[in-house]
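All chains are identified by letter, namely A, B, C and D, in their written order; residue positions are counted from 1 within each chain.
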Amino acid sequence: MQKDKSQAGVYVKNLLFQYPQNEPVLRSLSLTIKPGERVALLGSTGTGKSTFMETLVGLKKPLSGEIWIQGILLQQKTLSQVRSRIGFCFQNPDDQLFMPTILENITFGPLNYGLSLGAAKEIADNLLVKFGLEKYANRSVYELSGGQKRLAALAAVLALKPEILILDEPTNGLDPLWRRNLAEIILRLPVQIILIASHDLNWVSKVTERALILQCGQIQVDNSIQNLLRDTSILECYGLPIEY
Amino acid sequence: MQKDKSQAGVYVKNLLFQYPQNEPVLRSLSLTIKPGERVALLGSTGTGKSTFMETLVGLKKPLSGEIWIQGILLQQKTLSQVRSRIGFCFQNPDDQLFMPTILENITFGPLNYGLSLGAAKEIADNLLVKFGLEKYANRSVYELSGGQKRLAALAAVLALKPEILILDEPTNGLDPLWRRNLAEIILRLPVQIILIASHDLNWVSKVTERALILQCGQIQVDNSIQNLLRDTSILECYGLPIEY
Amino acid sequence: MHISEGILPARLCISSYGLTSLITWYSLRKINRLPNPQASIPKASLLTATFFVASSIHIPMPIGSVHLVLNGLLGAVLGYYAFPAILIGLFFQGIMFGHGGMTTLGINAIIMGIPAIFAYQIFQLRHILGNKIRDNLSMKIFGFIAGATAIGVSSLIFFSLIITNIPSGFNVSLEQKAIYGLMISHIPLMGIEGILTAMIISFMHRVMPELLPS
Amino acid sequence: MKFALDEYANLNSPIHRWDVRYKLIGLISLMFAFATVKSWYLIALMLFLTIMLYGISKLPLSFLVNRLRYPGFFLLGVILLLPFISGQTIVLQFGFLTIRQEGCLAVILIVSRFFAIMTTCLTLFGTSSFLITLKGMRNLGISPIITDMLMLSYRYIFELSNQLNMMLKATKLRGFESDKISWRNLSVYAALIGSLLVRSYQQAERVYEAMLLRGYGNVFNKESHPIYSTARNDFKFGHNVIYLLLSLIIAISLIVAETFFS
């Protein structure tokens, strides 16, 4: 175990987190994700999936425990170093698209890391093509459909060329066709690790291989997603009836 | 056809709607829904499902065409009469829970239609029990989980004892267990007609019988949902790949 | 820029309540004459809540950080709803955070609200004076003037009230000098508020022009 | 909810049971009377009354402390200089620093009034749920436009501050450094506030539609506002009136004592 820390990937040990005046949400959670893994994070509402993901990028500070990302210990002074390696997509794309146009939303990250306007635009142009958004580059965010907003948010996050991608319920509000498109895009992304929280078991099983179930503040199940989907009694027991 | 107008149910003829400076969204849409039917409204993003549902309750005014609800022609002077018979749930429950507490949100409608405070509270109490929200009656909306908000919004709408219930993507953001609970609640509701727009084919097939596919401003497919689910090529053709 | 409880004499608190009621009454009368006054209530309320939330943002400055007031923006966007909106925002700030309070609600509403009404008038002037320039530029110019003036007038009223009502032992000319001094030290703040007001208005103009009063 | 006012509205104390209409008039009069206080013995009396009131209300001390701390510091920032500059009577002198009596007294006076008024205010709004307070205000004749706006803004403040919070998080995750000032940073702040405005504007339209669908502004109903005026003429000489009279008498006595006997 000890060796994993300084290596690539995500290494989490004994994470404890609680909101003020509440019960702990994460209770001594430990987890290792190696490069190349695509992982689904499952669990019913309010089990702490979003909270856990936010601790990984330092948005929530755990009471105790260690987080190592790509061999770097997450702490105040490594925060921006770690964040530059992680792409994080919130559940609601509106939260992520705060600049007036799509193009500006995509160049926002690269500009913050000191790239020139030209270089940032080049990155953005590539991504716009990849996501089929060329036509909308200068359109205001408020004139997009839900699916387009989702793609724009993803493009904005990928502009930083993250090694690790974290998505919080990415299929929310998408129609089946967009869900398929998104799955295909995700499978082709050049990132090392993908972690996806989702309630859509069927969809997430198409883009990930390993599944974790979070409950009572710990990872209770850690299995290949195909095995898990076959084991309906386990799923049922964690409040995830497969037929819904 | 002509006969349907003055009868119960929903009768829509040659509906034309467009947003200012845009192409028409609904192009001469016609549709009849009889009492007792539970109908799914399918179609990919931006085909106009929400727009259509909003015209049914007079939130959007069609350029031409007629809408008859339970034998009443929808027009300015019948608006409140028609609305009192329809329960409409938006996609985002936050938009619907505008009063601070759940109880207030539920009694809001009945009080507006002139019920006494006591009568309104009685209705609310019944609904709170039905949706398992008794404990939360005086809790502020902000402190509820997504699933609970969804249920509270539904309760608020049902407080008016609608004959027709319209739901816009009710499973968005719900975990599988809540999706199952919601399905069970919906199947037991004492309403005459249910119309549900959804991208979750699997879920919606469990609560409805008839399916409509909206595209290019018209109802292109009108079939039993079980037949439709078997016909993957049709679904694929309307951008609804069944496996996603 | 709120006057805390306990500083001002009660007489001033009460008479400012009178003035505030008068302006509120006048605004409500204007609102009630709009074609559909009810339709704007949710809009004005959510925008009030937005301003309440936005004024919690801290903008870093060379010395410490300032938090925004945005009463100029509020006036420019909300028009006649601005005064009631400010009254409500201040009410919440008073009872939730203790910025200001119940007895000083009237005076604080005047400090923030009257400049907001000025800001609205200034911003509307662009239809008369700004005809010849591009739309976006005239929005920015008048937005800047509205934002900077509003905060300027607010701080002028604020400091005059504080200096003249605190038993500082200053004589009149010293008081005046103190007010001038404090005003000059607030010029950077006026600049920041003006720039941000102009930028936000231009953002809205690009993204959702119908939000701005025509 | 960190700053929810009515966290402790469900406790049971005489102040909690006091009808909110009478409570509003009674305690607000008291607050204004406190604002008039200037003389020594009245300050002591005022502080004593305030502490009694807070004690009777059974609100926890932490509620008061948490809410007085920040405005307290803020107030001190404004009046901190007074002991050094105001007055002739020198109490202490170290080198060039002189502490003057009149300034010290002014500070004590202002801080006491601040404490008394704020505590009374928190007692008023902390002992009934906000909606009930709003209904009381409505019954006392406050315009329905104002009470409706109060209700809706209260409901959405938390919603919107959550949205702002998420957007701020998103900027941080994409490398935004908020602690320096530059033209670009200002434009990012403007975009954040602008986005918040646009989003809330869109949400407001939905909210209004949702209200319409549930009969808002309905012709059947004379009183078409979410905050109802349920005033009944139930004037009885009960505890409500006694508390009201008590607080009015205290308020008037304080004012009279201040104006005529000091």
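Methods note: a residue touches a chain if its C-beta (ideal position, glycine included) is under 8 Å from a C-beta of that chain, and two chains touch if they have at least 3 such contacts.
Predicted model, so just to flag it, every value in this text is computed and none were measured.
Chains that count as touching both chain A and chain B, per the definition above, are D.
Taking A-C and B-D together, the pair of chains sharing more C-beta contacts is B-D.
Once the centre of each chain is set as its mean CA position, chain B and chain C turn out to be 42 Å apart. Separation between the centroids of chain A and chain D, computed from CA atoms only, is 41 Å. Among the residues of chain C, those touching two or more other chains are numbered 42, 203, 207-208.
Of all residues in chain A, those touching 2 or more other chains are 100, 142, listed in ascending order.
Multi-chain contact residues of chain D (touching two or more other chains) are listed as 151-152, 154, 156, 159, 191-192, 194-195, 198, 203, 207, 211, 216, 224. Under the contact rule defined at the top, the touching pairs of chains are A-B, A-C, A-D, B-D, C-D. The touching residues of chain B, counted against chain A in their complex, run 43-46, 91, 145-147, 169, 172-180, 183, 199, 201-203, 206, 235, 239-244.
Listing the residues of chain B that touch chain D in their complex gives 54, 57, 59, 80, 83-84, 86, 88, 90, 92, 94-96, 98-101, 104, 108-109, 111-114, 117, 138, 140-143, 156-157, 160. Per the touch definition, chain A reaches chain C in the complex via residues 100-101, 140-142. For chain D in complex with chain C, the touching residues are 3, 5, 28, 31-36, 67-68, 70-72, 74-75, 78-79, 82, 85-87, 102-103, 106, 109-118, 121-122, 124-125, 143, 145-146, 148-154, 156-157, 159-161, 164, 178-181, 185-187, 189-198, 200-201, 203-205, 207-208, 211, 216-217, 224.
Interface residues of chain D facing chain A in the complex, by the touch rule stated above, are 163, 166-167, 169-177, 184, 188, 191-192, 194-195, 198-199, 202.
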